[in-house]
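After this come two complexes, each holding chain A, first together with chain B and then together with chain C.
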Partner chain A sequence: MPDLRPFLVLGLALGGVFALSGVGIVVLYRATGVLNLAYGAVGALGALIAWSLINDLLLPDWVAYLVAVLFGGVVTLLYGMLFGAPLAQRDPLIKAVGTLGFTLILLGTMSWAWSYQAHSLILPTTELGFDVGEVRVNGTQILGLGLGLAVTGVAAAFLRYTKLGVAMRSLANHREITATLGVPVRRVEAAAWFGSGLLSGATGLLLSTLVGLDIVGLTFLVIASLSAALIGRLESLVVTMAAGLAIGVVQAFLTPFDTVGPYRTMTPFLFAIVALLWFGFGQPRLSRA
Partner chain B sequence: MKKSSGPRPGRPALALALISSLLLVAAACGSGGGTAGSTSSTNSANASKCGLGNGQKATGAPLTLGAIVTKQPGTDFTGITGMAQAYFSCVNDNGGINGRPIKYIVETEQTDPQQVAALATKLIDDDKVLAIVGSTSLIDCAVNHTLYEQRGFNVIVAGVPFACFSTPNIAAVNMGPYYSSEGAAQYLISQNVKTMVVAGANVPGGDHDISGVTAIAQANHIPSKGAFLENVPISDAAGIAVKLTQAAGDGGGVVLNFTPPEGLKILQAAEQQGLVDKVKWAWSTPGNDASVVQALGPAWNGKLGVNAELNLVDSPGPDNTLYQKLTKQYAPTIPLGSFGQMGFVAADIITHTLLSLPDSQLTPQGVNAAVRQIKNFKTDILCKAWYFGDLQQHVPNNADRTVVPQNHVFVQKQSCFDIAALQGNNLDTIRQTEKSQGLNGT
Partner chain C sequence: MSVADEHSTEVSVGGRPARTARAALAGIERPVAVRAGLVAVLFLVVLIGLPGLVSTFWLQIATNVAIYSIVTLSLAVLVGRVGMVSLGQIALLAVGGWVALRLGFGTGLPFPLLLLATGLITGAIGVLIGLPALRLSGLYLALITLMAAAAITVVLQVTNFPNGGSGLLGYSGARAGTVSSALHRPDLLASTSAFFRTVVIVAALMFALAAVHVRSRAGRAWAAIRQSQPSAIAAGVNVTLYKMWAFALASFMTGVAGGLLATSTGGLSTYAFPAQDSITVLAVVLMGGVYSFWGPVVAAVLLKLLPEILKNWGLPPDLLTILFGLGVLQVMLTAPAGLAVQVPKDLANLARLVRRRVAPG
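What follows is the complex of A and B.
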């Protein structure tokens, strides 16, 4: 039996980041009805911009990290302002496909601008750490888990207790009625886009260290976050967080086992399928009449 | 259907668009160019010349060459053909092939056998290429070698799957992941490892690519503790690093067979997890890359043996000096490394071949016949002279070096050594033929 303790640490760290990005996806969905599939691509692009700022323009690291996070907020907000309102009345599927198109544009841009080379962006928190027996726990892993937990709590409190948060929740229930009540719909939506984008930028930086600064890998890690968000039914932040952690830990635990290890990347899909079947079980069926 | 009539984007949105675009352009303009050249040679030795070296643009009827290259997530070999294109651009700026420029058609593929078969047919029948040079594909050799034999095409590749080294009409400038991984394992054996573990990309032929590591470990009575195929692009490098070191155990050896971005993820994850000194590490030739060595921290100084099928990127020989100059001038986004050197050598070989032929022989039949006769092609980038020759299998590059990182550059740890001949890897037969036909002066 392999030693699973290092995999527990790795799984919790990665799961924390899945939870962080899952929260970002849920908050945006609750405010705008948009399932943002470009979440991972935005984070990846922010991390690559940070890499270029540090390595090519020789800017201080902290400036590059700040730019990456702000870039995530700005470009997500830009998408929301350009396409959010025009697509507001469309099906959720159409709105999601719109973000998929945005993903492909970002993916193409990144491949064009940053192809060929191996890129590396390691946060300075990685140098901090301690050993628990034979298991090394570094600062970025702690940051990933801690930020996931903290953002979940803050976001839940924000949505429940602040005026802006309440406005976001009411937008999710009924956009037109909310507007007639005098809530500045576009400003509330803009806040949701921007906030979600900031989380996307932060997620990109964390994942660039935990997983590697890889264009395609980072872009499609959104799938794990999406699974967590779906398990939370795009409503509950706490369930989303728990699901993100569970996905990360289970995927990591499967790694050292030869029989199931090669299939561990299916973990988010399996979680999502089981959850969707569970939610559908016991629902009244539509009759032919 | 209700027509959507959303409001037009106002000034704030346009301002945001402008800021984002400026950021993107600034980063993209700066991306990739600044860090690839830190290992450029300070030696002022003369560089070889490309083509005629006369500084005159070639303006005659073009000579068409072709290539097929894999480009998909986790596997992108276009740096090789990109470097070959750079060489040809230099040739065209220096008189071409007796006044005629080279037109290089590169087709990308995504490991779809039907697509790859169609691309080879297109190059030969529609584009009417004189030769196929610099192809680097996971499946081209296996899918198309019969076509090449039927049409009399003698193809110069940067080979990946074993079919590039075991068929009569294909010869590679490199030795490919199978032999290179074996060479990496040979280095670890020289470092007295107690066990052997290997991990490679889960791509077509990936299992064979890493099988040589297990074979040479067994031949040296070293327990083989695992041969793992990992899906690429890798999304859990830390887990893989922990798994490999657990499997190898203290004092064991781990061989990696991945492209530069994927292998780098594992090494950096290993460093973050404090695993650098738990085992001895080695990497097949893709690790010999400037962007990799610049990203590896000082914790890796001397701790990673990379099997270098081609010479150090800052070696001072005339061909390598030309390679550095061409990279800087024509392909600044391609990092200095083995991949670029492969494209350079392939282009160098075909250019010299074309220059040696009279105009009447610049036909597919004439060029491919000449390619097959190539022997004793000397270049300071390879350990031995290169050849094509009239053989059933071709592994002309079967000796290489080991390099290790030292303060963000690679330094030579082992000079040229022969890759071990094992049962089933053809090297015994090939080396006997080299001697008997005088193919490379051995």
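What follows is the complex of A and C.
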């Protein structure tokens, strides 16, 4: 039996980021009914922009990171404003396919402007670190897990206790009735797009440090977060977080085993497939009416 | 609800039923005959003429277009006829290629039988994946196919395509690089033009198979399911059976395409089937149009010919990815029937406009 403790650290950090982005996906879905499949691509583009700001324009790191996170918010908001409203009355499938179009636009832009060459982005927190027993833990890993937990807590409290959060929840229930009640629907939706976009920007930065700044890889890591979100039935933030952590840890634990190790990146997909089938059979009407 | 659902009314108003009614009123079926003749002439020109007109390089591209038109056709049938969105079609194509190579190295089946067996086995695999997923609808079916595609991609990268090694997986690291991973072609098909013609004929057979299905009982059942699943059940349609049938048919066709791809020059590599290609395929299929059989042809041209033309002009093919993304959004917003329907409609509108301008009064 190999020593699993270093992998627990890796897994919790990665799981924290999955949880973070899973929460971003769920918040947006609850408010607008859009399953944003471009989530990973937005984060990847943000990370690439940060890379260019640091390496080409020689700006201070913190400016670049701030720009990357803000970029996530702004570009997601822009999509939401341009295409969210016209598609608002349509089926969830159509809305999701729309974000696939958005994904392709972002993917094309990235591979055109940055090409598929290797980039690397290491957050400065990686240099901070301490030892727990014999295992080295670095600052980015703490940041990943901490941000995942904190964002879940803050988002849950936000949806429960603030006026804007309650408006988002009521939007999720019924758009028209919410509008009749005098809630500024477009503004509330814009807030959800922007907030979720900020999270995708942060996710991109963290993942490019923890996993690597790879355009396609980052874009499709959205699937892992999506799995967490699906296990949370696109509704429960706490379950999404727990699922994100579980996926991260299981995936990391498989690493040292030769027979299953090479297949470890399948973990989120298998989690999602099982979850979808389980919910599909348990509750035939999974989709929002 | 599905992509097809939402626009079915729009399409049946502007599309076939109205035209059939007009034809019936006139008491003639000439437009149908003219169209069939046109298709036949075009088919023969491509089949006989094209290999003599273009260089080997472009002929290989054309072969690729023909192979991928089978893939886009299978997805167009799923999306347009049944209203199911699959995001795993490219992974299934890779599975088809794997099966064909495994069968090719493991057995001595003659080429046509090999293709048929590949299609049938891939069809069975598609049903195995699809069967539990059929309880899910719309978005969740799309997601589960995306997850399955991503999982298949991971497995393929570990197991590799068979290259004549031993064991169930048929891959041997020692043989990698020394032998071609392409399936050996029968001597009759050795030349590029002979292979191109074969591919075009197989593709035509697949389109015919799809057309037969659409016009038969299965097509009517699919239309009922697409319009409304509850009413289809009420009308006595066996929804599960016909959905599974559609899945099996689409997987069969994709498997055959995979078999052709495994036989084409250069063989298969695990990096040729990334998960994002399944998204690109859905994008071009939606752009081409899912309600007409021209749609998949347009889609295959967009997917396989256009990038080569751009490269030829010295433009980065990444621009196309952006274009496809914009195309999907445009289709979602304004032109649900895709280019194959939209462009002729736009041209007719333009012609009417010009005629009005030119004609006095």
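Heads up, the rule we're going with is that the second predicted complex is superposed on the first by the 277 of 289 C-alpha atoms of A that agree within 3 Å, B and C clash if a C-alpha of one lies under 4 Å from a C-alpha of the other, contacts with A are read in each partner's own complex, and residues count from 1 in each chain.
Quick note on the criterion: a contact is a pair of C-beta atoms (placed from the backbone, for glycine too) under 8 Å apart; a residue touches a chain by one contact, two chains touch by 3 or more.
This structure is a prediction, so every number in the text was calculated from the model and none was measured.
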Superposed partners chain B and chain C on chain A - clash or fit: clash
Comparison of chain B and chain C by chain A residues contacted: B
Partner chain in contact with A:L230 - chain B first, chain C second, else both or neither: second
Partner chain in contact with A:L35 - chain B first, chain C second, else both or neither: second
First (chain B), second (chain C), both or neither touched by A:A191: neither
Touched partner set for A:M266, first chain B, second chain C, both or neither: second
Touched partner set for A:L277, first chain B, second chain C, both or neither: second
Touched partner set for A:F102, first chain B, second chain C, both or neither: second
Partner chain(s) touched by A:D214 [first = chain B, second = chain C, both, neither]: first
Partner chain in contact with A:P86 - chain B first, chain C second, else both or neither: both
Residues of chain A contacting chain B in one complex and chain C in the other: 86-87, 90, 109, 112, 216, 220, 262, 265
In the complex with chain A, residue positions of chain C that touch it: 1-3, 5-6, 85, 132-133, 135-140, 142-144, 146-148, 150-151, 154-155, 158, 274-276, 279-280, 282-283, 286, 316, 318-329, 332-333
Of all residues in chain A, those that touch chain C in their complex: 35, 83, 86-87, 90-94, 96-98, 100-109, 111-112, 216, 219-220, 223, 226-227, 230, 262-263, 265-266, 269-270, 272-273, 276-277, 280-281, 284, 286-287
Interfacial residue positions of chain A with respect to chain B in the complex: 2-3, 6-7, 10, 14, 45, 48-49, 51-53, 55-57, 67, 71, 74-75, 77-78, 81-82, 85-90, 109, 112-120, 122, 126, 131, 136, 138, 140, 209-212, 214, 216-217, 220-221, 251-252, 255-256, 258, 261-262, 264-265
In the complex with chain A, residue positions of chain B that touch it: 2, 4, 6-7, 9-10, 12-13, 16-17, 19-20, 23-24, 26-28, 30-36, 73-74, 76, 78-79, 82, 202, 226, 229, 231, 233-240, 242-243, 246-247, 260-262, 264-265, 268-269, 272-275, 289, 291-292, 295, 333-335
